[in-house]
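In what comes next, chain A is part of two complexes: it sits with chain B in the first one and with chain C in the second one.
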Partner chain A sequence: MPKILRSPLPLVLLALVIIGGVAPIWLDAYYLGIFTVAYYFGVFAMSWDLLFGFAGEVNFGPTFLIGLGAYGAGLLNNAGWPLPLCIVGGAVIAVIGGVALAVPALRLRGPYFGLVTLVAVLLLLDFIVIFAAQTGGEIGMMVPDVLSVSTAVNYWYAFGFLVIAGAILFGLSRSALGLILQATGQDRVEAQALGFNVTKHKVAAFAISALFSGVAGAMLTFYQGTASVDQMVDLSIAVQIIIAVVFGGRRTILGGVLGSIFLVLFDELLRPIGQLNTFVVSGVALLVILFWPDGVLGYVLRPREER
Partner chain B sequence: MSDTPPPLLEVTGLTKRFGGLVAAKDIGFTIRGGEILGLIGPNGSGKSTVMRTIMGIERPNAGSIRLEGTNVAGWPTHRIARAGIGIVFQHSRPLNRQTVLENIKLALLPDSLLRLAVQPHVEEQARAIAEQVGLGAVLDRRPPTLPFADLRRLEMAKALARDPKVVLIDEPFAGLTQGETAIFSELIDQFRRGGRAVLLVDHNVKSVARLVDRILAMYLGERVAEGSAEEVMRDATVRRVYLGGEIEIHARPELDAVPGEPLLDIRDVDVLYGKAQALQKVSLHVRAGEFVSVVGLNGAGKTTLFNAISGLVPYGGEIRWQGAALAGRSAASIARNGIVQCPETRELFGDLSVQENLDLGGQRLAHDQQARQREWLLELFPILRERAGQRARTLSGGEQQMLAIARALMMQPKLLILDEPTLGLAPVILEQLSNALTQLRETTDITVLLGEQNVTFALPHADRIYLLEHARIVWEGNAGRFAAEMGSGYL
Partner chain C sequence: MLALQILVDGFAISALYGLGAVGFTLMFGVCGVLNLAHGGIMVIAALVGWWVAANYGVGPYGGALVGLLAGLAASFITYYAVIRPVQRSRAIPPVEEEIFILTSTLLWGIMLQVGLDYAFTDNPVTMQPLLPGVVRIAGIRVPQNEVLIAVLCWAVIGLLSLLVNRTRIGKQILAASINPRALTLLGFELSHVYLVVWTIYGVLAGLAGVLLASFLGASADNAGALTASAFTIVILGGLGSVPGSLIAAYIVGYAETLTAYLIAPTLRPIPALIILVIVIYIRPQGLLGRR
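And now, the complex of A and B:
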């Protein structure tokens, strides 16, 4: 870690956690709802950054993992399982599905891996529509249980999960595993020549990414009371996750949270201008990506010598 | 010294094919601990394939690779690395966001998903290794800020960190200055003194001669000679591969005697690749109608020089064409102005047919002109007529080279730059190419700048010669004098 980061970063993070934690005291319910969604989105983005920023694999199908978690948990809940077990079940399904996809897909190189993950999303979409009787198809699947009826409690669930996921993913990115993943992402052959089993590490990264995506998908389902294709599986959601990471800063893990809050919050704030809101938000994101390809946090954290 | 220790690395019958191409055929050698073997050969000779196969980056089709008696042939690379073979790549790609120390630590980490914390002794070990290779002063710097030689040291440090029994080193001295070469020789000698077995892979005997115990020379996938550096340099086959056999000369000195500004005038050109000096104060000129050859071993800077002329790499100094500076012109505009390069890598459109490749070259010509030009080229290279409908990637190496030259000529260049047309081609094909060049010389007024490592091929077609060595022009003159003065010093 560069020396300039050693002092301010933990303090800044601690301040943000405190401010975020006491938000229900000073923020009205409308905004709490927006942030709740943004936090789940933030976990999607961090999970995706672990794969893209560190393992160097472009997964176009983060919503495949999220959808498995969301629909897996929803189906179990409809089958009568209690809520906590449903979240665990959704996570297990997402990890199994993710590893089952990653093991064969990682044998492919470059754009082909991305294409396979893209096709996986389309297959899941088809599956949901074909089994509409069980999954609710395009309308979405209602679940009997909800996390809580209190806005503040829902907010705290989301925020607590974001902090835990963020701490674990950020910690992993700075650990020995993070270093090895970066090496495999940057130069596969050299990483192997240094004695690292590249496939093993990449599959592990995929499983970790699937775990957090799955749990976040399941929790979002129980927050909203429905698992829906539009909000959890559709490719446009995948694109938004990717934009959130690139906007916030690739390879920073935490940047994805920043990007997610920006996308969700401004999309909501600009709602009064009608359909234009998405256009404006995407436009701003595009400008940032074009002129600061390292993203907001990536630019802030970049060592001084490279600026 | 009664009994010699068993070899650390024993390679037997190693064969590697890529499709129909035999890149390495029945290669065998042994290296003992504390011994350095040089594996030399020109580009395309298969030496890199042998190295990559030992490391498990390519899977061999046949043969065994025994590390202390265990056959590791066909193992995945990471297992071979853990078993004790390390490699120093020619091009370093360190983690740019991590410091030098962290890069070395990476090499010391276990291949485990569970040990997330870096163990304390790793830090100490990494520091010690950094000191050993001379990186002690730059531990906290990031690779992008380091000079080229330090990046090479970092690669050495990573290899050393793995504590390998066998070290493979690809072109250890490429891009280094003389002083740095001495330092790296010392580092490699440390590997030897540490009882490791070292395989040095390089283009020519000269650069590794002082360091190695023995040399194995390869050409076109086969072993051509083995022995001490002197023996290999004296070997008839090796001399033929590098120097060719009898040299014929047909220089036309009168062409360079014309007064006025030359067609192409290169003055004091410098090119840097990152931190490596690829060209240093290179000056040369070509007059209208001349055939000029730039000869030099692989890595001397020929391709860089041609890429600078074609506007593909930025350079310092001046390149003038027909009296005007080329700096600031795009590669496409330079090509439209009559300088056409036929690159070493050929750059054919593999999925298009021979005919389509030619037509693309002649895009800017009027229809009837295009037909005439194509007809003329199909006479120059009759084999292309038979192959007209075939996809370019299915042609043999020689046919591909002819197509590349023909496509370049479709653009009706004033100056044709041929970069190493003989690369990896068999002698029969060389003769056909040679005949085509002779025909071009005798029947057209085209100007040619030819880059070659194969002097026998270059000399008959050269009015004048420049010798490029380590990024610098070290000799220039006419072809006759070159044969007399340079013949033996070239290897």
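And now, the complex of A and C:
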């Protein structure tokens, strides 16, 4: 703890939170909209990092959890539930789905776990398309309610949620749970030999990841007014989340936010080159992975920690 | 009649799936690389082959040959530009190498897919059949091209088995998959063996891509689905097991064909995924997997 106090990190974070919080006063509404999406993305990325960076499990299906939250909340809203209950409902559905997936899947190692999560996404995609009458299929599902019509209020919802989620996830990653997860990620057998229930901790991590992914998915749905496959479930979204985390720095939780903001802004800047922007973004991410595998934040923080 | 149609169509499709998956599983078995850019490499071969055949008047065989070479080139680029840097990087701990290879090949595959989409649009293209005309097999009409593809796939798989089991380099490949360290200690250059495997892989993926283009058609958008189907087959059969992959290719091929004919073509990918999930839960090492 003293180490953290000595480093400038808390001050930097506080400054960032204040700058982010007052952004609606000085920032153009157009950019507020962009940042709103980037913040939800940041929560996706942080939830994913808890599993990947700490538990060492490659979850190729973060969008399975996000999609469950988004579509669960959307379907409840269409059934006439009030908005806050829908978000809670979406989160519950995401957690149940996530645990149902994780409990059997965590018996598997390495690529097999990744594969099962990948298959879960593919199945969810297929089911959304098959039940197009209820879910809107590939076009997306409209929801009657929205979070707010004001850009600034929407921005604050997203920012507030990002800060809360970030604080909780970062706190968890520095807690006993985070340490145990990190230990199991590095040497599963030894962690088990030390008496930790590895599976229980990993399921807990998965449930927490599902909770935040689900709430973020549901809130994004009510921000945009639609739950859409292209923006919440598609594998390309999963890839972007992975890129955001690896680029920002895995095992840092907060790096994911950095990566997401970079990704969304970069995407916006590259809009003029149209189709090719995904190509450039993936290329940049690939270069980062190959040459700075610790990511931006990892590069900034790590040498200091190891000294 | 319908049953026979399913039997014949399923056989050809499965043979093609098998060909695509054999290279993928060989790559994992020997080099320990799960190449998520697999679909991208197949689609490069397919689209380049189609484009050359359509624009340069070299006929379907000339196009197929150029396509195959394009697949081979893409395989080498993947190895030198993506896999080797990850394997040689000092900053990546060995424990995490697998995750980094998965992530970087996934990114590379997306770059291939988007690049191809940009260059060729995402309209599906179908290459001119290598053999025009139809034959009648037990009363049903089968395109000769389909027969040729099935025969070609099995011939290549047969050749591969001869190469691996009967030649000197094949035995080195086999040894590298069992115990790479011992092979190095015996004085063989491991990176040389890997290069041979990447060559074989490029030829197999390229050929599978070209045949796919002349059979079902291909587009840049297929890249992800092709990777997923190869991955499915390989996991189902057991990672690294070539016979397992072939059996799994037939299970997946027939499951898809049955669904497409009997239930609805839109549900085509679903049974394979469900079979896969069940197999993974009951027998995670796959049908013939070693671990």
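Operating definition for what follows: the second predicted complex is superposed on the first by the 297 of 307 C-alpha atoms of A that agree within 3 Å, B and C clash if a C-alpha of one lies under 4 Å from a C-alpha of the other, contacts with A are read in each partner's own complex, and residues count from 1 in each chain.
As a working rule, a residue touches a chain if its C-beta (ideal position, glycine included) is under 8 Å from a C-beta of that chain, and two chains touch if they have at least 3 such contacts.
Keep in mind that this is a model prediction, so the values were computed, not measured.
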Side-by-side fit of chain B and chain C on chain A, or clash: clash
Contacts of A:186 with chain B and chain C, given as first, second, both or neither: both
Which superposed partner A:204 touches (first chain B, second chain C, both, neither): first
More chain A residues in contact - chain B or chain C: C
Partner chain(s) touched by A:196 [first = chain B, second = chain C, both, neither]: first
Touched partner set for A:130, first chain B, second chain C, both or neither: second
Which of chain B and chain C A:148 touches, first, second, both or neither: neither
Contacts of A:175 with chain B and chain C, given as first, second, both or neither: first
First (chain B), second (chain C), both or neither touched by A:243: second
Listed stretches 22-30, 148-156 or 184-192 of chain C, narrowed to the one that overlaps chain B: 184-192
Set intersection of chain A contacts, chain C complex versus chain B complex: 186
Chain B partner contacts - residues on chain A that touch it in the complex: 171-172, 175-177, 179-180, 182-183, 186-187, 189-190, 192-198, 200-201, 204, 251, 303, 305-306
List of chain B residues in touch with chain A within their complex: 55-57, 76-78, 81-82, 86-87, 89, 93, 95, 97-98, 102, 105-107, 109, 111, 113, 115-118, 142, 144-145, 158, 162
Complex contact set, residues of chain A against chain C: 52, 56, 58, 104, 107-108, 110-112, 114-116, 118-119, 122-123, 126, 129-130, 186, 235-236, 239, 242-243, 246, 275-276, 278-279, 282-283, 285-286, 289-294
Of chain C, residues touching chain A in the complex: 34, 82, 85-86, 89, 91-92, 95-96, 98-100, 102-104, 106-108, 110-111, 114-115, 117-118, 224, 228, 231-232, 235, 239, 266-267, 269-270, 273-274, 276-277, 280-281, 284
